[in-house]
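There are structures below to look over.
Look for chain A in each of the two complexes below; its partner is chain B in the first and chain C in the second.
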Partner chain A sequence: MLHRESGIFKTSYPADMALYPLPIAKWAVAAFAGLFIVIVPLTLGEYYVSILDLILIAIVGALGLNILVGYTGQISIGHGAFMSVGAYTAANLVVHLGAPFWVTIPAGGLMAALIGALVGIPSLRIKGIYLAIATLAAQLIIEWTINHVPAISGGVQASIQVPRPSLFGVQLKTQTQLYLFLMAFAVLAIVGTSNLVRSRIGRAFIAVRDQDIAAEIIGISTFRYKLWAFAISSFYAGVTGVLYTYYLGIANYEQFQITVSIDYLAMIIIGGLGSILGSILGAAFVTLLPIVTRWFLESFGGLIFSQADLANIIPNLRLILFGGLIIFFLVVEPEGLNRLWRNVRNYFRVWPFSY
Partner chain B sequence: MPEFEWQFTLVLLTNGVMIGLMYALIALGFVLIYKATDAINFAQGEFVMFAGFIAAGAADLAGAPFWVSALLSVAGMVLLGFGLERVVLRPLIGRPVIAVVMATIGLAAVLRGTATLAFGAGTRAIVMPIGDEPIELGAVMLPPVQLIGAFVSIAFLAGFSWFFLKSRIGIAMRAVADSQQVALAMGIDVRRYFALAWAMAGVVSALGGVIWGAMLGVDNQLALVGLKVFPVVILGGLDSILGAVVGGLVVGIVENLAAGYLDPYVGGGTKDFAPYVLMIAALMIRPEGIFGRRRIERV
Partner chain C sequence: MKNLSTIMLAVTAAALCLAGNAAAQDKEILVAGQCDRTGATQIVGVVICPAIQDYIDFVNSKGGIEGYKIKYYELDNEYKVPPAVEEYERQKQAGAVSIALYGTPQVQALNQKLVEDKIPGTSPGFGISASADGARFPYLFPVAATYWSQGAAAIQYFKDKSGGNLKGKKIAYVYYDNPAGHEPLPILEDLQKAEGFELRSFAVPPPGVEMGAQVIDITQRYRPDFVIDHLFGRSPSVAIKEYKRAGYPLNKVLGLVWASAEADIQAAGGWPVAEGYHTLQFAGAGDEYPVRQEIKAMYKAQGKEPPKGMMADTVIYNRGLLIAAVHTEAIRNAIKAKGGGKPTGEDVKNGLEQIHDFTLGGLFPPLKITPTDHEGGGWVQIFQVHDGKFVKETDWFRGYPEVVAAAVKKAE
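Showing the complex of A and B:
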């Protein structure tokens, strides 16, 4: 078959470890890069590019959360708050010091990592549901703190205006420019994560996830790696928060409430826990779900329902679909979209001569 | 610092106790499920909200009298409990904690969407056939709704304590919670008791929904009382009914005292904040709670 071998025919370690198992893989990556970096920004309108922007931002956050939940097996319902930490750090740096993006993004990430590691400290003592509830508490406490400390929140309605970032003296004004800017970070996050999970740290994460006591016994410092997982994951979340702030042009804690934490958890569950492709697919899926629901109902719902009814139906249907899909994937396909994609690929591996 | 007035403190304390007992009632639904099935119900607040919507909807739309609508709500929640256990929770038995947590979070979204879709976004009232006139007890004024809530809570908490301690079904449920395999070997139908636990949680949520709905009015904000469940059960212990009472009282009192004494300095909102700080402290010092059972883990 063109895109995959029909079996495993590797005879040497270098062949086994090769990044591109077949020449076609290299071409596929090149084609994807060409499509998303050249063709998409040239052809799509502002509105569609702005949706893609949202997906790119979500990819960074979903990858980060997947490192923590999917690879290390710790739960966090506080990622929305970690994003707000990054967002407000960056916003304050921009407003008070006029910091450029290459300062604010790492700074926002590091601040979030610090807070995330702090929240992760109880993970040594508590796990499972207790940790879930502790991170939920962190979410609420961080939200409250930002909202009640004017030094962080900038006072009026806890929101800070942030101008778009500038690159080589040019301010990124259009959605397409922003798209290329965000794409760089999404690619960085994807490459970074795929390298991380193959490294010593990543292997340790997986060992902690599979059996933390056993991991401790074979010499992995559970505490250290759990904290690392929290810190790295929160770093991604912080960066996501900064990027989102640049995208919106405003830092506002209402954009990072508990529903956001749940959205990101839904992304990695629907996409697939412990999978990079899954994070990407899940981010796209969950971002598109409300947009497609709204578009579909606004286009065709008018035939059955009145406009007043539609205003009530759209947000609620979105909630029902969202919750229903989480449950559906958990019950029917726990490995998520990533598994579905693998199934399709495996089917075509020996197509059309499958036996 | 305002002058220390015993009267003000007394009012705060009484309110705290009353609210705390009502928190305990909602936490009871959570504890019942955790005790019997080891599942964490993040949708407890939505259960309460949904029950409130059924009761308020029955009264508003069909003109049912209070007792009928309350009974309808109980019946509806029992059916919902059975149904959810069968469709959502049973396939997740034996899966990691996060799967159950996320499933109930998904459930919460579905319930919130369905309730608003079916009953509208407006606030509905549940009218109890009792007066609004507060009852005076010395310096303290108590709304009758809160008194009834407290009584119902105490009755149910006592009833369920007896149930788990003495009745055959209750003992079987404890056995299931202790070890599903051993319970199966002793001839206990584990699935039946799982379903029963969810149905019982439905009953408790229905009562919680009617009482809280009568106090606050029914809309999707009612689900927010569910957020108070976590400090309550963490403080008291996830699998202890007595713990739910004590935790509820502590949370009720702490949040009222915090609101009374701290709010003027920090600009409000301590009511939602203080219980969580307390909970973090509890998690650091004694994660299993005051009355909870410590679990020993083996490889």
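Showing the complex of A and C:
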């Protein structure tokens, strides 16, 4: 993560596939884990932890979407709806059966995976923009279904109250407790994805992405792997939905409308397609950018504008800045924040020499 | 060098502001508000939120409340849930004692947190109808007619209009196809059984800007005696236009509270187009209220023009006054109950539950909020579009309060 190798000395495939190329990488990961699992929740205030909570949830969803879009080269504008599938599955399990979170989270994920695989079937025939429209249809169909089937939505309000998760009899209520809860799943998602993409399945995904005809010729079943990609990706989305449900204490499909799908696409495009670090950076970037721009305008906008005008200027200017910064980052580095970070690293790898 | 000194100056000024704030904080009470000035419902947000700010400025210009100044801290949630949650945490951290919520999904998402943090939130005219039950939703205050009360009031109005008997009448319910749009349906169905009228509902899929098919279906095939429009955003104006085009008399149409602002009439093509259209209001419409004159006087004293929305959209602006006035009144009750001490969220909650007969010169209904009834009665008024303005048609009234109360009870 933060290390500088002096060269590439790998002589075997296991060495090439190793999660930690050098011992120092392991220490860096341990240091990061210590920072975020021990130091951050102990030192940061509740408000800042609540922002991190939203980022952690977004990381899980962004990783899932990146498996589909970044690694397999398919597209989905229906991830918001897959999240709602997970959310309502979990909410119904909690309300009707009193299921604990270690049942509802995999169940929500599996249900979303099932629906996602179904939606993925057209991907065998159609590609690119056509597939995008097919998944858009899924988004709308799922929204409509939840809105109109009381057995799923729990009544005309289409929202189901869900108590906060409990662990060993302790209900996780404070932001810090929820932070640790969400952190566990974000870590699972990160480790799971980084292992997935180095495995046979992950390599098959990449082969399908790079050239699906060639992949088929060398013996990869595109049928199977495209559906796997949709299923795995939707599983992540479903888990994201369940985490949202637990975090907010309610399942409500209006939280998972098409803008959410677009937000997640923005995260992985800004962060970097086909990269785990990119998903994390993108999730953090998209979540933090509006907050930071608002904070900035609140702190310094008062010097230029009156307080009453500011209330109107901040939200509008924030949208303009948000759009502008996204364009800026994409122009500066179309391959995303992950590539920017690698450029910085490569620069320092040989520093202070230029080659 | 010049740049550097400018930055230094700015930083010093900011630091001074912060220092000044810290000193003033003992005698300052923070009311939080969420708004949507940029999202799906900005048509409402750009008028209602400045109105809240205006009323709070007005209260402060009169010396505040019992010696305390009120500070209104507004954040824009773009009608999205995750920003609403983040902003709520921010407002909580800033020390807000009450919050003016914005948007039905946002109310749903924040309800549990309000209870955990003991911060009362208001959701006038939107949110969860069942939250009229203060025992079940201790920190959620609709403070105005919920969707259930609105639906019941609409039926009551038609009943009175058709001579006290709805048997055999045909009523069309046109609704925006989202949970808020569905919400009055159970009440309407209950009333249908009790009153023996015919009811058919027509869904308008979001974003509701294309409803030619529904309107033709309603006006040519179903031919109802009355139409209830429960629409949001752009769709009320589209509906008015389409009824007009189909030649359906607009004096048979009643818009519920979010289909009843000046902006909707303007967008439909102006007052002559909408002539006869009925609107349901939970705060008065128009300019003839003393508090509005006083706010105008406040602006005049400062040598400024009153905000555009104040005159252009009195319906929404007056609702903003209602929200702000309910919060300040609750804070006043809380301070009094504490003998002048600075109130907490819990005190303000108790203060809200003591609000009664507070009408601000007829602008609001005779609200009576109690620990069990957070709706304050569910009062509404009907205004009709006539000669370029809203003309009051009925006084404050309640529709089938016992049916609504039974539904609230059943929702448990």
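Methods note: the second predicted complex is superposed on the first by the 307 of 355 C-alpha atoms of A that agree within 3 Å, B and C clash if a C-alpha of one lies under 4 Å from a C-alpha of the other, contacts with A are read in each partner's own complex, and residues count from 1 in each chain.
Here, a contact is a pair of C-beta atoms (placed from the backbone, for glycine too) under 8 Å apart; a residue touches a chain by one contact, two chains touch by 3 or more.
Remember, predicted model here, so these are calculated numbers, not experimental data.
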| item | value |
| --- | --- |
| Partner chain in contact with A:Asn147 - chain B first, chain C second, else both or neither | both |
| First (chain B), second (chain C), both or neither touched by A:Leu288 | neither |
| Which of chain B and chain C A:Asn316 touches, first, second, both or neither | both |
| First, second, both or neither for A:Val187, with chain B first and chain C second | neither |
| Partner chain in contact with A:Arg125 - chain B first, chain C second, else both or neither | first |
| Touched partner set for A:Ala134, first chain B, second chain C, both or neither | first |
| Partner chain(s) touched by A:Ile269 [first = chain B, second = chain C, both, neither] | first |
| A:Ile327 touches, of chain B and chain C: first, second, both or neither? | first |
| First (chain B), second (chain C), both or neither touched by A:Gln175 | second |
| Residues of chain A that lie at the interface with chain B and also at the interface with chain C | 147, 312, 315-316, 318-319 |
| Residues of chain A that touch chain B when the two form their complex | 69, 73, 75, 122, 125-126, 128-130, 132-134, 136-137, 140-141, 144, 147-148, 211, 213-214, 217, 262, 265-266, 269, 273, 312-313, 315-320, 322-327, 330-331, 334 |
| Parts of chain B lying in touch with chain A, wherever the complex brings them together | 40, 87-88, 91-92, 95-99, 101-103, 105-114, 116-117, 120-121, 227, 230-231, 234, 238, 266-267, 269, 272-273, 276-277, 279-280, 283-284, 287, 297-299 |
| Residue ranges of chain C in contact with chain A within the complex | 10, 13-14, 17, 35, 37-38, 46, 49-50, 53, 57, 74-76, 78, 80-83, 85-86, 89-90, 92-93, 104-105, 108-109, 111-113, 116, 128, 177-179, 182-183, 185-186 |
| Chain A residues within the chain C interface of the complex | 45-47, 50-51, 54, 147, 156-159, 161, 164, 173, 175, 247-250, 252, 254-255, 259, 287, 290-291, 294, 299-300, 302-303, 308, 311-312, 314-316, 318-319 |
